[in-house]
Amino acid sequence: MLALPAAAGVLHQPFWINACTRIVIFALVAASLDLIVGYGGLVSFGHAAYFAVGGYTVAVLAQHGIDAAPVAWVVAVALSALLAVVVGALSLRTSGIFFIMITLAFAQMVFFALIAIKAWGGNDGLPLGARATLLGLDLRDPTVLYFVCLTLLVAFVACAAQLVESRFGIVLRGIRGSERRVLALGFPTFRYKLVAFVIAGAGAGLAGALWADYARFVSPDMASWSRSGEFLVMVILGGIGTLAGAVYGAALLLGLESVLSGLTEHWMLPLGLILLAIVLFAKRGVYGWIAGRDDG
Amino acid sequence: MSLALEQLLNGLQFGVMIFLLAAGLTLVFGIMGVINLAHGSIYMLGAFVAASVAGTGAPFVVAVLAGAAAAGLAGIAIELVVIRRLYARHHLDQVLATFALILIANDGVSMIWGKTPLNMAVPAALSPAVTLGGFIYPAYRLVLIAAGILIAAALYVLISRTRLGMLIRAGATHRETVAALGVDISRLNTVVFALGAVLAGTAGALLAPILAVQVGMGEQILILTFVAIIVGGLGSIRGAFAGALLVGVVDTLGRAYIPVILKPIAKPEIADSLGGGLSAVAIYVLMAIVLVWKPRGLFPVGPR
Amino acid sequence: MRIVARASLAALLTLSMAGSSAFAADPAPLKIGMITTLSTAGGYLGEDMRDGFQLAIDEEHGKLGGVPVQVVVEDDGLKPANGKLIADKFRIQDKIDVFTGIIYSNVALAVVPGLVESGAFYLSPNAGPSQLAGKGCNKNFFVVSWQNDTPHEATGQYAQYLGLKKMVVVAPNYTTGKDAVAGFKRTFHGEIAEEIYTALDQTDYSAELARIRAANADGIFYFLPGGLGINFLKQFTQAGLKKTMKVVLPEFSLESHVVAAVGNAAEGLYGTAHWLKDLPYAANKKFVSEFIKKYHREPTPYASQGYDTAKLLASGLRAVNGDVSKADAFRAALRKADFQSTRGAFKFGPNQFPIQDWYSARVVRDAKTGKLVIRGVGKIMAQAGDVYSNACKL
Amino acid sequence: MAEPALAVRRLRKSFGALVVTADLDLDVATGECHAVIGPNGAGKTTLLDQLAGELVPDGGRIVFAARDVTRLGPDARARLGMARSFQIPTLIADLTAEDNVALAVQARTATAMRFWRSAYRDSTLRLPARAALARVGLAARGSVAAGDLAHGEQRLLEVALALAREPTLLLLDEPMAGLGHDESRAMIALLSSIKGTLTILLVEHDMEAVAHLADRVTVLVAGRAVASGSYDAVRADPVVRSAYLGGDA
């Protein structure tokens, strides 16, 4: 299923390659978010902040002449994970809607900071140069970038799938089901939640780094609350707690958006109706629908 | 000194403005447990209907009532068609559904009314600014403050003194008990949702004369409203009122004084823009501090 | 009520779906990629620009400069990343060579460099960011509107001319806002009593208004695009501040949409513009009457910019008979700006940004209709270019 | 008497004006089954929540395993060897019964985080989990989601979770509540079988169960311990009779 976009015919059409790359990058964010939303019950409404930090890291490093991807990406992941440590440590005392809102608060701080920092372009954003390499590969070649992104997505989803089945993952699911019970069993739940939150933040940071190299441009709207909302919509659309579903959710939302906006200026209305139909009639999201597990 | 008083009054006024929206949101959200992102869209609808009714030359009060009524009808329709099917489902399904409603509402409104912002004039009797102690204040804003406090009081009476209020309070915590009393829970839900929508529509209609009536006005203020009810603590009108006032005052005082405070410390260009940036995030910092300190807001309802 | 008068949503939807992709009947019209902002609160700017552009095509019955054209429009939703994606699609998949439409500078900065480097032409009907006016200029990039700073320079000039001594300036706290203030200060030499930077999503301005009142200035300049300016002006007027201060505005904050949306609050405002409805040029008179006839609303500067952009494109297409692959000839023709602009004398500077006149204007009540109109007062800057063009090496 | 397994000194807790624990002293000897009984609203569950660490007392001390645990959270107390069951079954509804127990086993065996190996195929978790299920009579129900179990089965699973933790002190909050006659019998039999292998603090309404299981009984009225002793002694206590047992038996 992930290989679908790689179908031979698409390979010589850079537009389709780019469209698929975009989906793959967003799918990576959605999968990382699903890790905490779907398995930890931690609904973050500020996931765009890590995406933006990852992207800006790569862009700012490129601004200073560092365009070797492994270095830039590792720094991007590290910085977004660091932000997640700080935000998580402060936010994870709350739960439910309060958690939703406090994560939003921190993301808004990142957003307004990016707008205000003139050295990084402020609201105009920051373009990236023509060069970026990954161990000798030219990342400015759409096909190369696509396969690099796809590889990272597959790796992330595979690792995350392994993770949620591991001892750590079971604890995480336990926390989602009943944190009180998991605490009573003796697990320091805060630590588990924090680790999951940081892994998710790092995943979004990696996606942000990829985005910077894909779009060759970063701007503060990467951190906007509507972006965070979009990520959540992808996760819900795909089916909460199904990592592969997050990929479908990203593909479906982006696909619908670009198809409908190509058809009509009033594309939001049909998009809204379709989303509404999906949420009303497909109880476990698109993934549940496709996999025939609509037992919710 | 009178400037400080004026700024405080500004904060109060802004807080009351947020409260008009927060009241409806906290009812639906705190009591029914529905995260209604479309609350801002209902508010937008109220403003658009009020502005276009006022545009036909109808009196101000009629326009506001029309806005509130249209919002109420939209609320009933949304509850019956969408929300009702989602009570038993994951909260996030409600988020997705109401997000879809935002898209539909924004596009629908721009199809009906066009993309150009509408105008709604302040009623002539209320348009002059009045002198108040040492400063001049717009009369209409005083009316807004009064209206907000009046609505808060009316809601308080409704919730604490009437049978409907009793059912609403009971429905929040003991749904089964209420059902056992022979009350039609789903009717109660519709009523609560409609009430929330009427409040949002009223807010939209009342604010239309001082704001740009345009597509997207709902989302802009929705976030602020969420911040207010979270800071105040969910589910009670009192919490929403306190949260809204706090957010209003902090935001206003931040915008009024952070740049002034920074001026002697930093270079002017930096002070001005840094001040602007800091005051923009002031309420988010406030919310983060409140939640780190009190994870369930300042005035949480009931024990954990 | 208007709701009743209009068709149902569903019918409208079908219509717009059917209508958007079929403009011309000729077999192989030249495609023009229009990336613009149609949704969000800023959507009406893109709509005006698009309608103005389309009006020029309709005048020639589906042609520009005698060449059949088809405009492919897509909404960027004010997101730079979306704009870039649309640009990729238009450029790579639809093989479009001529682009236009972007309203907002942040979208333009994300989209334009990539497009023009790939050999496409971009004719800007609105955004004219400084980054693309100096060192970053490009031979395939033409701006029909203005360089972003110029409207503010004109406004500063006007404030100076009005004899204002002490001004308050207000702008959103982002780069475009700061550039606006810098532009204003370049030509206004009086005292700046207070520089106020506001949030991008602000709805209430009472705290700022109190600061403004306390500043005791005799005039105010603000750059608050779209709805922000409408909110601000309503609240400013309600606070009674208009009685004590002259309001001098760039044209973003003083066009017919704004005047309609704030009602009486607009009366007596001062403004500057590069285009006005009552400019006495033949091309303008034709544009204004045709626009009102077709769209039943007042034209705005954005509409005139869209119209002029189409006219410029027409002049270029006529020169190469529609063959834009003759890039050098096409470019040379565009550079001549050989068209009748709605704003009178128009030519390009060395960076292919406009050199044009700027006018002062005032909002007055029309004696006959009793409606508020923006009326030209005089010329405030003649044949003005921009300060960045020296840095441009073309 | 040897060092008690659990010692409570002058414990105080109130919600506003309502005093729920009033200067309570309580000793639970190692290995005994100590029942806490009392009328509704006597503060039994609140006491248990304070012992388990879910509620922070207003004053007083709780000593467990020779440590002052008054300020420790529930997870830290669990790691010291406390385990509890909840009055309203508190299980992870979307995990199977076996996964629930496996989680408890994991809590005992591994403190470090493990991210890679599948917990579903880990015999060091699965075998003890199945054993614990078998012990409470749920061997055949291991693959059923905890939320889908019948009420009585959920109660048994609660006990299985607590046992799988291999605690030294077991806090049981009304394990009989809501059980039918046969289910009650089974639960009493189960608890009898573990009695003596560890210390048990049993909060219970069901006098039959208390009579069967308790070595010692403390009677709680309005947050205060009014009597303590053997079941029969307490039963005979006139204070208790008037306050509580009057209508019973």
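The first chain written gets the first letter, and so on, giving A, B, C and D; residue counts start at 1 in each chain.
The working rule: contacts are C-beta pairs under 8 Å (C-beta built on N, C-alpha and C of every residue); 3 or more make two chains touch, one makes a residue touch a chain.
Computed from a predicted structure; not experimentally measured.
Trainee: Please flag the chain sitting at the greatest distance from subunit D, going by CA centroids.
Mentor: C
Trainee: Top contact pair of chains, counted by C-beta pairs?
Mentor: Top-ranked chain pair by contact count is B-C.
Trainee: Report the inter-chain centroid distance for subunit B and subunit C in whole angstrom, where each centroid is the mean of the CA atoms.
Mentor: The separation of the two C-alpha centroids amounts to 34 Å.
Trainee: With chain centres taken as the means of their Cα atoms, state the distance from subunit C to subunit D in Å.
Mentor: Between these chains, centre-to-centre, one finds 73 Å.
Trainee: Please report how many Å separate the Cα centroid of subunit B from that of subunit D, as a whole number.
Mentor: 46
Trainee: Among the residues of subunit A, which are close enough to touch at least two other chains?
Mentor: Answer for subunit A, listing residues that touch two or more other chains: 112, 115-116, 266-269.
Trainee: Mark out which residues of subunit C touch at least two other chains, giving numbers and ranges.
Mentor: 9, 12-13, 38-39, 173, 178, 199-200
Trainee: For subunit D, jot down the residues that touch at least 2 other chains.
Mentor: none
Trainee: Dump the list of chain pairs that touch, please.
Mentor: The complete list of chain pairs in contact reads A-B, A-C, A-D, B-C.
Trainee: Inside the complex, what are the residues of subunit C that reach subunit B?
Mentor: 1-3, 6, 9, 12-13, 38-41, 43-44, 47, 173, 178, 195-204, 206-211, 213-214, 226-228, 230-231, 234-235, 238-240, 257, 260-264, 297
Trainee: Which residues of subunit B touch subunit C once you look at their complex with the stated criterion?
Mentor: Residues 3, 6-7, 10-11, 13-14, 17, 52-53, 56, 106-108, 110-119, 121-122, 127-129, 135-138, 140-141, 209-217, 220-221, 223-224, 251-253, 255-256, 259-260, 268, 272-273, 275-277, 279-280.
Trainee: Taking the complex as given, what residues does subunit A use to touch subunit D?
Mentor: Subunit A reaches subunit D through residues 162-163, 165-171, 173-174, 177-178, 180-189, 191-192, 195.
Trainee: Which of the residues in subunit B come into contact with subunit A in the complex?
Mentor: 29, 35, 82, 85-86, 89-93, 95-97, 99-104, 106-108, 110-111, 219, 223, 226-227, 230, 234, 273-274, 276-277, 280-281, 284-285, 287-288, 291-292, 295-297
Trainee: What does subunit A use to touch subunit C in their complex?
Mentor: 13-16, 18-19, 22, 112, 115-116, 118, 121-125, 127, 211, 215-217, 219, 221-222, 258, 261-270
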